[in-house]
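First the structure, which I've put down as structure tokens, then a few questions once you've had a look.
Naming follows writing order (A, B and C), and every chain is counted from residue 1.
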Amino acid sequence: MTMAKTGEAGLVKAGGIFRRQIFIPIAALLALILFNLITDPSFFAINYSLNSAGDPVLSGYLITILDNASELAILAIGMTLVTAASGGQDISVGAAIAISGSVVLRVLCGDNPRPDEMQASILTAFLISCVVSMLFGAFNGALVAYFNIQPMIATLILYTAGRSIAAWINNNRLPIISDPSFGYFGSFLPGIPIPTPIFIAIICMIIIALVLKFTTLGLYTQAVGINPNSAKLNGINPSFIKFITYVIMGLCVAVAGFIKVTRFSTINYSVVALDIEMDAILAVALGGNALSGGKFSMASSILGAYVIQFLTTTLFKFNVSSSALPAYKAVVVIILVVLSAPTVREKLGKLWKNLQHARLGKEAA
Amino acid sequence: MEKDSVLEMRGIYKSFYSVKALQNVDFTLREGEIHALMGENGAGKSTLIKVLTGVYAKDDGQVFLKGHEGPINIKSPEEAQKAGISTVYQEITLCPNLTVAENMYIGRSKGVITKWHQMNASANRILESLGIPAKAEQQLGSCSIAVQQMVAIARAVDMECKVLILDEPTSSLDESEVAKLFRLMLDLKARGVGIIFVTHFLDQVYEVCDRITVLRDGQLVGEYAIENLPRVELVSKMLGKELDDLSEIKSGDEEQKISNEIVYDAEGLSSIAARSPFNFSIHKGEVNGFTGLLGSGRSECVRAIFGADKVTGGTEHMNGKGVRISKPRDAMKHGIGYLPEDRKRDGIVGDLSVRDNIILALQVLEGFFGPISRAKAEKFADEYIKLLDIKTASTDTPIKSLSGGNQQKVILARWLLTNPQYLILDEPTRGIDIGTKIEIQKLVLKLAGEGKSVTFISSEIDEMLRTCSRLIVMRDGKQVGELSGGDLTQTKVMSTIAGGAK
Amino acid sequence: MKKVLLSLLVLILSVSAVFAQGAAEASGADNGLIRVGIINNDPNESGYRTANDADLKRVFNEENGYDASFYYSLRNDEQIAAAQLFIQDGVDYLLLSAAGTAGWDSVLQDAYDAGIYVILFDRTVDADPSLYVAEVVSDTNLQGQTAVDWLASQNLDEYNIIHIQGVMGSSAQIGRTTALDEMVANNDNWNLVTQQTAEWNAETAQQITQAVIDSGEPFNVIYAENDDMARGAVAALDRANISHGVGGDVIIMGFDCNKWALEELLAGRWNYDGQANPFQADTIDGIIRNLENSIDPESKTIYLVEQGFDATTITQEDVDKYGI
């Protein structure tokens, strides 16, 4: 108590970092970076070379991480909004990706699963798949918002039926697009050395940032998630807000599904984006967002998605025995989730403060 | 420890970061005594109780409990309960989706096996002996708030406590229920239980209490026997200043300037909650009110006006023009604001900042594509924090961490910011300290003076008499009278509420 | 709330049933046809399963003297319930591709008691062999051995292998892994650069391969336990401009003989594809014909003939005939 006032305030502020939401994904990311830096600094090397089509490409673990996290980051956007507004999660995104991807291929292939040339423009196919995905999102949203069904149960329907619907859309055949321009979206645009999915993810982030800045979506979803009664009495329509978050989720699914199918120019209905909903939910949780809804930090969720991919790639790199891989992931996840618990962060903040006090005390002495 | 005391707290300190919530506070509770703990919001009452019940760890000081050697250290509410300290909080902390009996016995069974039949039977016995109109098997959520509160008390009473803490237990009870509660308190007192009674109702303090401890700004002002502390002195001790007489808020001679202009009127309005159609109108610059017992339908009427419940019939006019208000947004667009009865359930958005809570209604009016910039929001928030003297660490502080009175002020600020021509305030003074109560009443009159219309609802009739120029009296969901001018007296209001039988 | 949940459940079941073309399809009257109940996994599960289902439908129809009912599910308990229905229905033969190996004893006993012949196809179960007349299955160990023998015949100086496994514990994974593991253990010039599961998923396979490429470790063989994963690995190679296939730096091996995979072989971009034969219907048909004439099958376990295709010898006819 004898300490100068300014010093005190500064310390409280420094301790406050631990209470900031974005602390968890940043700390996790730093830990992973540090781990890789110590074990093998070449992890961070980025190479410049030509790919088999003769175009310049960048490669290296970092590029791989950024590239492969794209779908997850996009889904984290939708999942964050859904979680905030409805206090529950959409578990159908993996199956919905199968549907959206299947729609893209169906439109491009027409009735022939192996067309020599595409039957429609890629843009048309993408837009149609957006509409279809948003309709499925609207279906989920209607069940949650207007029929008051718990999100996990409501989306269980699509989770169960989605992959069969995806197969049915293509008459259960396996469409393959041979036109290389389709593959550009899942790999590289000619002449541009950075994988296209990274750009797509960045565009999505910019769009959501603009939406959150130039509309009241953020405030409304949070108000609805925290106290729907109060939101209603302030003129917000809570059901509609919940509904719209699921439609937005549908749009995110369409974009992620598009990236997925362009990566290989084909689809495997039963395994495409398998379990990706769990990673998306995890990204939201890692971002320190309450899964019971309410306040959210979009940046933290998106960062959470990159942390998950960073972890996955690190584990691949270290050649973790295949059957043990999920176990390692689980352990890391447990640590991160425990760290993100408010009580733990509060304690960390205190610990930090005490440490600083001790250090300053020593310096003074 | 003194011979007849059951609880002694000595030199209690507690601070949250830089805020010193309690400083060197002493408190003594004697056997068979009802002891009022008084103070404004933020005086430290709640903190003291939470230290006592182990919710917060004290920074310094000692607690002695009868039957324990030396100071004891209570680390959790569960330990407090085991030591014989039971608490009934202002906000209901029971589980609405469990039955009444389950709520009374939850977390108390010693074994793993629960004997449902036995539990229900003994719960029914207690409920009956206390005259609580609830059945053991009933779901708690289906009971009225008042009954839920009484169940909470029944739960505490049944736990054979030595110290019973009642934190604002009467704020949602009507008079007959309060009387029942008081009978119960006196009964317990006769059995030697020490009762700590926290309330904002001065009448009630003087009705049942033996002793008063007054706190102010986290410090002990003093402990007094009830007969040695007249009301005016108590209030001045709580506020720390001499108080001009409350009744002077509205000076009798100065008539409110009410124009003939009708701002809002409704004919045959009904909603799914307010089933019997009613007529209502309010003039420019008028303050009127709905009064009646709890559950008489007064809140349902104003909710119908605001479109908060589904409107089922009637015609409405704003400034003479026909309007259709079917949802809150419509009402807001026509310049109506509504501060709801249940602040926690319908008013605050707990996790959001004070700033976001203040701008919320205005933001909705501005529309989905017109977000208020951070700088502007900050300006609005600062303005109203200053104007209403809202005590908050910053505009970024989550509203839920503010005291009740300050939360209420934030909600008030929210509606004032929309600059409504007609403001409905449903129980704006419930559960808040006397200083804030007066401030709010003054504000209401000031708004009326500026030409705004206000409908004011309060359970405290004298509050209504002080502010309203016209009272609509409700009973059993129907309007049973309208009083104004010379009829605005306590007795007249009471007799109208009670009805022709008297 | 209960009502809502219930109706929801009904909705889920009916939706999934419609899209899985579930519920046994019409069983006809007794008109001299042999009545068979066929329980299979969902044909949407994979291209393999689709081909398997189509093959069964090609053989078990009225033209060939069968009155066949189909039931599809990926869930063991649903399959068991369907089997009980077929038994009550009094079918002559029960053809079963079980979703899980356990829990079949009592229902197979019921079938046995009712005099119904049970023939397992594609997948085996943990039950007393006396309860079924035959099992027509793939020898996944042989699939693996054939592939590894082919790889050994390439006579490389050194084998640095990226081994991408299927879902751990599945019979295809075990069989295809075992042969390779043995070879690596017994030969100093055979090394596993990495051995990880991609769970039949192309994208995961791509990431695993990418991780090896990023690490800079040398490799010259990709041994992927199905075609999808091989495709994923190849995508990673293409990005890094690493040549593969006939005459390339890296040998690409896949399994299942998807038509598109065989075309990759034909184009010389892959080197080897091992067959997992989904065409079991003719063999089963033969067993039933014999049983109708009171001739028991020669042995309880009948392995399908499965071959491996080499990019240098594969023909368009092979693609058309064996591609699924």
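Heads up, the rule we're going with is that contacts are C-beta pairs under 8 Å (C-beta built on N, C-alpha and C of every residue); 3 or more make two chains touch, one makes a residue touch a chain.
No experiment lies behind these values; they were computed from the predicted model shown.
Which chain wins if you rank chains by how close their C-alpha centre is to the centre of all protein C-alpha atoms?
Per-chain C-alpha centroids compared to the overall one single out A.
When all chain pairs are ranked by how many C-beta pairs they have in contact, which pair ranks first?
Chains A-C share more contact pairs than any other pair.
Any idea how many Å lie between the Cα centroids of subunit A and subunit B?
Distance between chain centres, rounded to whole Å: 43 Å.
Distance-wise, how many Å sit between the C-alpha centres of subunit B and subunit C, to the nearest whole number?
The separation of the two C-alpha centroids amounts to 69 Å.
Centroid from C-alpha atoms only, then distance subunit A to subunit C, rounded to Å. What do you get?
About 33 Å, centre to centre.
Which subunit C residues touch at least two other chains?
In subunit C, no residue touches at least two other chains, as defined above.
If you look only at subunit A, which of its residues touch subunit C in the complex?
So the residues of subunit A touching subunit C come out as 42, 49-53, 57, 59-61, 64, 68, 114, 147, 149, 153-154, 156-157, 160-161, 163-165, 167-168, 172, 174, 176, 187-188, 260, 263-264, 266, 268-272, 274, 312-313, 316-317, 319-323, 325.
Which residues of subunit B touch subunit A in their complex?
17-18, 306, 308, 327-329, 332, 338, 340, 345-352, 356, 360-361, 363-371, 414
Considering the complex alone, what residue numbers of subunit C touch subunit A?
Residues 4-5, 8, 11-12, 15-16, 19-20, 42-47, 50, 165, 168, 194-197, 199-203, 206-208, 210-211, 213-216, 228, 231-232, 235, 237-243, 258, 260.
Where on subunit A does subunit B make contact in their complex?
8, 12, 213-217, 219-220, 222-223, 226-227, 229-237, 294-295
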